[in-house]
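Paired with chain B in one complex and with chain C in the other, chain A is shared by the two complexes that follow.
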Partner chain A sequence: MNEFIPLMVIIPIACALLLNLFHKKDKTVILMGIIVAIVLPIIPLIANYGLHYFGGHAPLITNSTLLSTLPSTIQNSALALFHPAVTYSYGALQKIFIFILGIIAFFAIFNSLSQNKKVSGPLMFLMFMGTAAVTAILLSDDIFHMYIFFEISALTQTGIILTSKTENNYETALKYMILGSIGGPLLLLGIGFVLGAVGSVNITDIVYAISHNLVDPLSPTLLFAFGLIFFGWLYTSGLPPFHTIKSGVYSKALPNASVLLQAFTVIIFIAIGIAIFRIFSYLPFFKTLIVVFSLIAMVLGVTMAIMQTDFRRMIAFLAVGELGYIGLGFGLATKLSITAGLFQAVNELVITALLFIGFGTILYLTKISDTRKLGGMIQHNSIVAIMVLIGGFAMAGVPPLNGFQSKLMIIQASLQSGFPEISIIAILVSIVTFMVFMKAYHSIYLKPKPNDLVGADKLVPRSSIAAIAILLIICIVLGLFPHLVTDNISQFAMGLI
Partner chain B sequence: MGYYDRIVYSLRNVTNIKGKLKRDPTTNESVSSALAAELTIISTLLIASLLLRHINIVLTIVVILGLGLILVTNMPIIPKLKREQSDSLEKMTFYAILTLGILITLIYWGTTNV
Partner chain C sequence: MTDILLILGDTQLMSLFTAAAFIVVGLFAAIFLDNIIKKIIGIAFIEEGANLFIVALGYKAGGVVPIFLPGMSADWFAANSAYPLPQALVLTSIVIGASTLAVMLAISMVLYKKYGTLSASEILGDKKTQTLAEKNAGDNNE
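And then the complex of A and B:
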């Protein structure tokens, strides 16, 4: 047993609760926030791979003394293999994603603390609680436990929008909650059907029961459960038809908070996506459904992004569209495609964070996010402008950056799977992504500066410059040495299929 | 009936593109963006329908010809699509429930009756 595994969730939760207690004691909040934010990416690096059973309740099969005292009907049944406790599984994939989440959470929290004159205890509470929730979702091998933490993360996301004090933020938060009241309960209902059919909510147990025909894999209960859980997954990850509200959520939060919100979405997307893949990938239409929704997300994401005039909404729609590439990885369901999809998820976490922080500096300086009212910002800080430009290139898939490597892998995977049409669409979407980014970049940085543009006399915060530079270095390193991530991911992908 | 009326109203509203353009100043940037989006949506839909060849070649030809005709006769598509993809809660709820209906129908009856 590795005690560091639950600590990845417990530490941010404890910090969140303490920060709430110390609300209005600014120095304590800042100190505690920064210390825990530094600790977050360190824990996954020092933790060993393994399983953690809450309460120490391991499966009976691991305790032969106890098992021998039980009736033979239990000894010889699947009950001996089932997991009685909530189980956390920590492997190479979790390590990569929790580490990246830790870095992004650190930058989001640090920037938020350094840029706001008044420290917000509730915002810090929400950021840490959200980070803890998505970490738990990533670690958990229990689909009900995942649902509980997803709901916590949805509430924290709503809270983050509410604390952002942007225009119409209350309206967007309320809409997200109302739509959540459709998606969330249906996801829970689907989980309930699975529990009813299998008798367990542990994903390993469910997979065992289905693969060993302990339940009919094509029973109406499981089919209905799949439909509901899949729909819930669309809601949790912001795939169509929930892409509009998800992009609204990103654009209504302050840029530093949006960095965390998009990270939450990507991690929930892959964590629940992997769970669904493990349980339901035997269904004949499973892959088709994922491919269809991913393609719709990609196309709607870029076409809606290019029509926007608010740069926050542009990046938000692009972020939603990029989720489609990750989905394609799951949908094509080969070792290469899943590796590519998960690598794309890592890249999206880093690149979108870079762009939100990068463009966020413009909002910080001018308080304007309408690209029609901006211009000439390259004069203000050309280094930041160039770093944002390279970040945009990474998102569009320009070589030799990380986005290029993952998108190329997805295109290769679709070609190998016999779907050249998907490759062509992926390339087309990449080209339009480049166009969207260049449109935003030109409007903000290169166009002549409007006479009435004020606020450009302030300096870009050093914390933002440092965050952008470090995230850019990660983009370049992963672009030049993709095997740093893909080697570990491909082992996981092999196990998944 | 409230929802039905709203859908009809939103579809009627789509035809009032000139009114919308009057409120939104047209620039080179917005026109080229709309054109790029229009071309993207048409080309990706047609390319995606090619995937139907894995099911049936004749079906693919029929769908592509039909889709091509519908898309060309309904241009410009993007303003209509943008209106449907707005932040309106009614529209978002409508599409969410529509997707759920299609999904459950396909998964449940599509498998049990094949």
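And then the complex of A and C:
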């Protein structure tokens, strides 16, 4: 039933709005929050693949009776093929990512509810609204629709930082908003140029118009549009030069919220990345540009991560580096590389969530995120410490975990494409990632406990342990059986190229 | 002179020029001015410039409002109506822009109460700026 497709967006939005109505009724908020959080990963599993046309407005070509009543100028033109309404497209790729997003949203919401004595209605509202916005971005086949939901997700991310009540959170939120308010309209302007050239904002229509030479593919209008949209993509994804502000955003949110924020970033990165790839991959410099920015993100990400003493900022910068691997997949533009890049995106979602929740337990226990002031935490809860260690191994690409599989595929893809230099950089970045993680892990868990470290007598919340364990199981399963994801993604990648 | 008059008389072209001017002025204010409120006004200029640009795309000289009324032939309507899509897009964009501005202004108010200044370099810069509370505590100690 294709009715499930819009429900993936409508349910979290409706829940978010209802939570506002039930503000201060804590039991209702908790009940509704948990029920909807459970439903989120279930809907993509039961929904059938297909298209959903809002308002039932399918392309005119599908309705011959209506088409025959229209002027011949429309009947005989590409307008008959164009999509008159917002279209949602649901396939294997969307299923995987929305399912994973649902699981992460569930853990973030459940942990927030179970670990805070006071229920934060606004935080719940923002988490559900952000999840809905990101799901819409992933489903949408309409570039303007993507822009609108990106702006909504940016607002929710700002709200999440504001509700976190961490030090200097308002300053970070304003910085993010000012940069976003420059990046967002420039993205809109790029969409405006595409609209001016093609007359539609539907991605399938735009691709049709360009591929059938209805517009000049190398016209200055489209080139300028590419520049603006590409700039917007860098901002939305936190790629350089926006990597510092994005990592600041992660570090100012509470760990459970950071889990969701990084998931939003990764999904927006791939959704807009795929849209850009579909529209502009014919440009001669497209692949080079993507590869260059991806390599910069990888190198800058790990380089900045080395210098961090706050483990939240460290994970945030490592996450930027991991985005570079996904970008490489798009940039190399082969079936294997795109499959590898998208598989890496799935893995990054899971691994970074694991690390944020895992290291978040330290913040919960000690209220400290500075690695210099921590130590000896392995004695406190060795099971969590071991699970976090394996999660770090997965991020660094240690076999046989999922990170290893996706990074190996990216290296193979770059070798197949005739770029051994890229594989060398990818391996080096992976090694540095391992070193950065081990340095932080040693500081937090292995070195002797400082005498002035207090608050470590509390127990790690069971909800966090369960979340880490389940995410770790996903890492191991995807490491041992990568085809569970790659088989589905490779079909999508084939269609993309 | 005739060329300039022709350009000035072309509503669409003038709108596009105005949009470009809005965006350039807005970018200058957002990047180079230090006062946060002025930055926000600059951002509003950028947003409105982008909106005006998109609205101008749908303009049709001598066109009619894109509402199909009884008595109109489909051919005539298709040839003479303005393009409605940009207007619909901009309506949504204006709402989003207004929400963004509201949130930014609200955050600015909080930061002004905290620091007693609206200087972006002091509030958002890398150097640690004393908050009003810290300044007051320092004055009391003296």
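A few comments on the model shown:
The definition used in the following text is that the second predicted complex is superposed on the first by the 496 of 497 C-alpha atoms of A that agree within 3 Å, B and C clash if a C-alpha of one lies under 4 Å from a C-alpha of the other, contacts with A are read in each partner's own complex, and residues count from 1 in each chain.
In the analysis below, contacts are C-beta pairs under 8 Å (C-beta built on N, C-alpha and C of every residue); 3 or more make two chains touch, one makes a residue touch a chain.
This one's a predicted model, so the numbers in the text were calculated from it and none came from an experiment.
In the superposed model, A:Ile178 lies in contact with both chain B and chain C. Look at A:Ile152: by the touch rule set out above, it reaches chain C but stays clear of chain B. Judged by the touch definition given at the top, the superposed model places A:Val302 against chain B, while chain C stays out of reach.
Of the two partners chain B and chain C, it is B that touches the larger number of chain A residues.
In the superposed pair of complexes, A:Leu218 makes contact with chain B only, with no contact to chain C.
Using the contact criterion defined above for the overlaid structures, shared-chain residue A:Met438 touches neither chain B nor chain C, since it reaches no partner. In the overlay built on the shared chain, the residue A:Tyr170 is in contact with chain C alone; chain B does not reach it.
By the touch criterion defined above, A:Ile245 lies against chain B but remains apart from chain C after alignment on the C-alpha atoms of chain A.
Within the superposed three-chain model, A:Leu188 lies in touch with chain C and out of touch with chain B [touch as defined at top].
Once the two complexes are overlaid on the shared chain, A:Gly196 sits against chain C while remaining clear of chain B. Put simply, chain A uses residues 175, 178, 182, 186 to touch chain B in one complex and chain C in the other. Against chain C, in their complex, chain A makes its touches with residues 69-71, 73-74, 144, 148, 151-152, 154-155, 158-159, 162, 170-171, 173-175, 177-178, 180-182, 184-186, 188-189, 192, 195-196, 199-201. Those residues of chain B whose C-beta lies close enough to touch chain A in the complex are 27, 29-30, 33-34, 36-37, 40-41, 43-45, 47-48, 50-51, 78, 81-82, 85-87, 89, 92-93, 95-100, 103-104, 106-108, 110-112.
By the touch criterion given at the top, residues 23, 27, 30-31, 36, 39-40, 43, 46-47, 49-51, 53-54, 57, 74-75, 78, 83, 85-86, 89, 92-93, 96-97, 99-100, 103-104, 107-108, 110-111, 114, 123-124 of chain C touch chain A in their complex.
The part of chain A that touches chain B in the complex is made up of residues 172, 175, 178-179, 182-183, 186, 218, 220, 223-224, 226-228, 230-231, 234-235, 240-242, 244-245, 248, 283-285, 289, 295, 299-300, 302-304, 306-307, 309, 372, 419, 421-422, 424-425, 428-429, 432, 435, 439, 443.
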